[in-house]
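Have a look at these structures, which come just after this line.
The same chain A turns up in both complexes below, where it pairs with chain B and then with chain C.
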Partner chain A sequence: MSSADLTSERDLPSEREASAKGDIAPEHDGPRDTGMDDASLHHWLTRTWRTPPGIIGALSSVDHKVIARRYLITAFLFLCLGGLNAVVMRIQLSGPQRGLVGPDLYNQLFTMHGVTMMFLFAVPIVQATGIYLVPLMVGTRNIAFPRLNAFSFWIYVSGGLFAWVSFALAMAPDVGWFAYVPLSGPEYGPGKRADVWAQMITYTEVSSLAVAVATIVTVFKQRAPGMSLDKIPLYVWALLVTSFVVVFAMPAVMITSTFLILDRLVGTHIFNPAEGGDALLFQHLFWFFGHPEVYIIFLPATGMVSAIIPAFARRPAFGHLGLVLSLIAVGFLSFGLWVHHMFATGLPKLGASFFTASSMLIAIPNGVQIFCWLATLWDGRPVIRTPLLFVFGFFFTFVIGGLTGVMLASVPLDLQVHDTYFVVAHFHYVLIGGSVFPLLAAAYFWFPKITGRMMSERLGRWHFWLAMIGFNTAFFPMHIVGLWGMPRRVYTYPAELGWGNINLFISAGAVLFFLSFVLFAFNLVHGALRGATAGDNPWDAGTLEWATSSPPPSYNFARIPVVTNVEPLWAERGALPVATGLRVDVRELLVSTVAEAYPDIREKSATPSIWPLLAAIAVGATFLYSIFTPWAIVWGAAPIAVTLVGWFWPKGDPEDEE
Partner chain B sequence: MNQRPAIDLAGLPTFGLGPRSPTWWGTLGFMALEGMGFALAAGAYLYLATLWPDWRLSAPAPNHWPGTIVTLLLIVSLVPNHILNRYAKQCSMGPVRIGMVVMSLLGLAPFVVRWFEFPALNIYWDTNAYGSMLWVLLGLHTTHLITDVGDTIVLTVLMFTHHGYSGRRFGDVGDNVFYWDFVVLTWIPIYLLIYWLPRLG
Partner chain C sequence: MKRLASIALATAITLLLQGCAGWQSALDPKGPAASELAWLIWFFTGLCAVVWALVMIALAVPLTMRSRLHIDPLVLDAGADNRKLRAVMIAVGLTAVILVGLTLLSFFANRTLAAIGSDAALTIRVTGHQWWWEVRYEDATPSRILTTANEIHIPAGEPVRLLLTSTDVIHSFWVPSLSGKLDLVPGRMNVLDIKADKPGVYRGQCAEFCGAQHANMGTFIIAEPRAKFDAWWNDQLQPAAAPTSDEAKAGENLFLKRPCVMCHKIGGTPAGGTVAPDLTHVASRQTLAAGTLAMSRGNLAAWIADPQGVKPGSHMPVVDLSGDELNAIVAYLEGLK
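Now for the complex of A and B:
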């Protein structure tokens, strides 16, 4: 392949000639990687791309891998905390009239469980996986807008701390993870608990939105030369579609939480029916976000499955185009179903029918994906390792969740089981089956890339069976107890109802499921410290993240790879084609065209900076203060402005000048 | 794994304007999510307006004149904005500096009128839901305006330093022009919703 194949004349408009004549300081050129031997190349790139030493250096890091590792560890800690919430609730419910926790604490427990799992674990961990993998998979050296990415992490941490410190002070939200008005409104939600919910949402959504924009631009503009749209890995497609869903769904929940806090803090009447507002408006706005939210969690998981299955089936994914189109179709359809969360609110019949139909429609592209995966496995020679076991667990569990989903999409059945444990069982099958099992598969699959070591296969198999048995023991009987009429969100029940034995069984399953995560945590630590050395490509997979060392160097690739196939490493077994000509003394990476990924610009990537952390502190403090007084926005504006100017003002690095 | 050089990037430029640059796409991304926020707030307003037969809920109609003047100012500002864009594409420093100063002033001008816009709504945010929604819509757009004008002023100062002589800065000016178009564009539906929809009721 020659450079002429990849550089189209139409992509080089006349602006370039015009700009050459403009008032621009001449470029200070530096050493290039062309013809440089491997040792000096490594030496130069390490010096240019490293995260500075020391505590300030660590806090200034803009390396996507460093940020992603922090994100992953933080999200895992929140998973543990949310899981402990669940364990306490299950102990309380293990028998009738138990007195471990009272109603007030129980309300906080289930709210914190939901909020933590959705906003502090599920969304951040799928985005964090993307922050780590997307730049590696598209063959670039850092994520687009690396400082924005660092900022998003600090905002996320401050949101999580805010929620959990509130919980420690017994002022955690107690209104359910969706905080419906009027319960959360000024009349029925005294104190600061609902405000904590509202502002925690604002923190985490700002963070998710920032990551979504950075991911979209990375995929659009920083792909390796030759990675045209049809050669983008399926996992990257999944993250791209997810990021678009985030961009259009998350503003809805920010609007909802902002309206709520305005009603509570300054006396607006947006959700107050007595003064021309409407309580159902809250539910519409919330679920306009809340339903796509499910797919924000699920779509990246399907991307993980699409990456893992080809590696273990030893053939490229069957129906690549069908899989991509399914992802896009699910992304669009996810915006057309929100009302099925509101069937019990007395909607007009036509509306209910429409949303029943659309809810069933989304099963079609999801079904297409499942059949493509099955076909890939059928036609391949599957090698059964732990990641693939968890993918099988995903199939089994998610399909059950999907079937109860189709049941719940029909209004008469939904009305019958609304707010019962049947619904709890359904969404745990969908969320744990559809997202957590693929995440566990992904953990075993990409752990060697992140740490350079393997996790134990034997412990992995124990983990898988313990998780499958524990999960199904805990959640399958919830369908039954739900059909018997046990409502969600009750802190106890009388013995006469006869729910005692089945609840004891459920709690035993929950303990098993919890123990499976203890085993997983042990396997993670054991693997990181004692695991066998992994090498660059332990699974002999075909995508670009496996072309570099494990763990990857700060600059990801010594030379930017050139892509010729959807599984580039399988297509170029002899030697990977690479691009040369980039500077090595400044952070230079390649910007390419959106559709064809023709090389276009040698772009400078931002250098480490402490300012994103300072900006996050200023923004976080403003959000925190704003639950007490609206003037916080006025007083907070100055420090936010100062830190943002500090962030963007050029400091004289060569990276700032071009 | 083994490598073989296949293409050479040494001749590529170090910056590109408009859709060639990642910053332009980032700006577009933020426009999309902010636009979505506006659309949802407008949707909430229309949802409430259709719910109540007597929308405005017996409040007096707003005085549209301050809002109309803001609208005219914003529309007029598009002309120098696009002249500025042309010079930014040519990377020509003198006219760009003048243009940035003009755009900073044209950004500040609507604030003066906006000060009179809030009382001209003829209702407070805590009177009823109609008042709440007017203040929310106007407040959202004012926040939008403040952030963009702040950004414009900082960039104007930057263009008067030696940091300005860089292709990337001229690209920033282009993106600032692009964003200002968006600020003006989002105002039009909000203006109609605030001042003219209540007159229909």
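Now for the complex of A and C:
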């Protein structure tokens, strides 16, 4: 590790002095970017940071943008698969006593729909967006722990394959995405279906924990000089809070699924009431993760809204501090509400009332966010482009979902609507309204940065209206049919109950909503191939990701920017001040202090490596094997150890020798 | 598009005609608990609708305002921002007040609900099974304890205490027109008090996903005037009616020789299985297989001949019977009023 000798060129009296500073580096130092001309800087940095050519090279990539693109595409494919599940279910439910699918397949369908949407689409896609954007927004060259990041992607892919291959083999979990015991336990969940659920969770939690850790370190230690805590973009704040929620919530579900595997595989009786275990313990453990999970999906989406609104309202977000504090408050409070999923289990009344109060409480920081965004928009006529349309769609739907959430927080009211279609409507309003619409807004907003091309605005508007009409047609009537007494997770219903027409209407809406995604996919492909050239900053937005080219080069920024404002590109209309002094012949990052982002040290960033992929294969195979025998952990340890040794093998750097 | 419009119209008309009616609707309360809850639902819905409309208005207003595009985005009007800060503070304050109000409201509603059944004289133990309900009427006199299935007769106008538990997985007991739901958790006993204001039949069904046939786990609460209820209880305590016709006698014989006897109980005969519904008075019930089929000779035959076709995955096995044997068993069961 070399001590920091980085200096903002802006603070230096002359460029000559700056380059002189670079020259007095220790002997083993290579060339630095100080004073280097643009062409040779580009040449050096490309050679150092590019992803190696060839298939092995591609599989070895540790570039956060490459990994994020793969994540985004994979998650989108899983969204399509989960959506197809939903379409089949909606056709089955479009009338009473339809026979398209039987209960066995239907129960797998809704479980796979939930598992896919939560674990293989929503969490990965919000994290992937962060993997792409956070390093660019904080002005660094790569994410922290890039190999861990690559590993997380391969683990995620193996988890997704595991789940969907099981589905193809008709052994997909059929116990619902929260897989309550005893239904998923050894006695009532025969076969391997519940094991697939429990182990598939393990893949995704390992993957999202890895990303969370990388994100936290990137935000804390790799921010561009000058990006003190008060100048961190709101989107980055959202990802930071989300990552902490991941770190604290995921272990709870890890324990839950491990206990379940132990009950099923080893013969423990942790959840078996007949042997002194407790079936409700499972629910407490699961929802202690499960409720924060909702905010893991929702908080990054609020970050996207906070990034998009200022760009189109043409001013910095109103109440920046309030928005940051709300994010942190939501992050904390999300751990205090889990019991509102369990009001119908017969809890002591006073305890339940406490969770009514805490569930109501979280509406306050969420309200603060909504009001601050409205106040930002109030500054003038906003520029209405597709991203902002989807943000409006977010307001329209998410506020409904939030308000029905307030209804569900009330213990007595919840007892009527819990586990009915009212709840199905509520959480789709929250998750699609609160997260998917912001994600679609984000897709239109950042697509030009990722591909260098614009998506069609005209198709975008069609897409927006089709999605809005389809979504509300499909999900609003579910509130009503839930109040009419229709429970969720039923594969059919009797004609006498009079739910036929409204369900047909819902199914028609679901088909429209699915078509809107077909249109979106077309617009993505069309934009990537034929879209107008975007330029660096098509929206004239203010944050650092727009300072580099579109798509960004492998090294992100030729010179590390120096941040002077929360919207640096608006503050420095000429050219951004930059900091120099980093080596260009090896992968070197600038590490800064946590609070003030004062340049601190230069640190090496990991080079491309095939070992993360091999490690992921070893870990994935171990997880897969362990649904059959607990000894898999023992046998799997050897290949995992080999791959990890390869991964961490010393490179002969002086600091490794110390 | 035309078809869609007609569906929309049909739905709208159904909504209007039906209103909130239906024998399994939370919006069509038939007891004090459901009435309190329906009121609560409408109140919350109304308030939430107002809040939503206000937010939408606040969102729509800036679209109509004068553009300030030409200005540098970092140059802000400090006075305007101060006014906005005040507006946001007021909005947050109002939100807090509304939330505190709703919390108190639901707390007191919960107290009202808890008071409804505090003086219940009748206790019924409801045990959840995959996928039917075992119903046992408790009584201080052991000979008056009564076990039946799926249909719960109660005296109208009186509070009744239900003790809820399960022997296999978690189920949830929910009759929306009488009260909210409560889970049946193995190893635990939950207490739900219900009261029907008037005689009538109120449908409910399992609300917690419990496996393959979760969708076909219906139950009925049949509220009757006290005298009729007492008479029903006394009838149900009688052993099964002896078969009268030859065919029915043959049916009884077959029932006792075939696997039926392993799971089902018929009072007054050697059949004493307890893992499946008690059939002592099966023909007096309105439905078969937990609300899956209406009670009729044809449906009895269909259910016995092909249980996996009627209710795929159910624990009722297929029993190999000839046509005559099936008819005989049906004739016997049909007589068990």
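In the analysis below, the second predicted complex is superposed on the first by the 621 of 658 C-alpha atoms of A that agree within 3 Å, B and C clash if a C-alpha of one lies under 4 Å from a C-alpha of the other, contacts with A are read in each partner's own complex, and residues count from 1 in each chain.
Methods note: contacts are C-beta pairs under 8 Å (C-beta built on N, C-alpha and C of every residue); 3 or more make two chains touch, one makes a residue touch a chain.
This structure is a prediction, so every number in the text was calculated from the model and none was measured.
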Self-check item: Contacts of A:267 with chain B and chain C, given as first, second, both or neither
Solution: first
Practice problem: Classify the contacts of A:84 with the two partner chains as first (chain B alone), second (chain C alone), both, or neither. | Solution: neither
Exercise. With the two complexes superposed on chain A, say which partner A:213 touches: chain B (first), chain C (second), both, or neither.
Key: first
Practice problem: Using the touch definition from the top, say if A:278 reaches chain B (first), chain C (second), both or neither. | Solution: both
Quiz item: So, A:32: does it touch chain B (first), chain C (second), both, or neither?
Solution: first
Practice problem: Figure out whether A:367 sits in contact with chain B (first) or chain C (second), or with both, or with neither. | Solution: second
Quiz item: Which parts of chain A are touched by chain B and by chain C alike?
Solution: 278
Quiz item: What residues of chain C sit close enough to touch chain A in their complex?
Solution: 4, 7-8, 10-11, 14-15, 18, 20, 22-27, 34, 36-37, 40-41, 44-45, 48, 51-52, 55-56, 58-59, 61-69, 71-74, 76-77, 80-81, 84-85, 87-88, 91-92, 95-96, 99-100, 102-103, 105-107, 109-110, 113-114, 130, 164, 168-170, 172, 174, 176-177, 179-183, 185-188, 190-191, 203, 205-216, 218, 291, 312-313
Quiz item: Where on chain A is chain B touching in the complex?
Solution: 1-3, 6-7, 11, 13, 15-16, 18-19, 21-25, 27, 32, 34, 144-145, 148, 209, 212-214, 216-217, 220-222, 225, 247-248, 250-252, 254-255, 259, 262-263, 266-270, 272, 275-278, 281, 284-285, 288, 536-537, 547, 558-560, 562, 569, 574-582, 590-591, 593-594, 599-604, 641, 645, 648-650, 656-658
Quiz prompt | List of chain B residues in touch with chain A within their complex | solution = 1-22, 25-26, 29-30, 32-34, 36-37, 40-41, 44, 47-48, 51-52, 57, 89-94, 125-133, 135-136, 150, 154, 158, 162-163, 165-168, 170
Quiz item: What part of chain A is in contact with chain C in the complex they form?
Solution: 102-104, 107, 175-176, 180, 182-183, 187-188, 273-274, 278-280, 310, 313-316, 318-319, 322, 344-346, 349, 352-353, 356-357, 360-361, 363-364, 367-368, 370-372, 374-375, 377-384, 392, 395-396, 399-400, 403-404, 406-407, 409-420, 477, 480, 483-485, 487-494, 497-498, 501-502, 504-505, 508, 542, 565, 567, 570-571
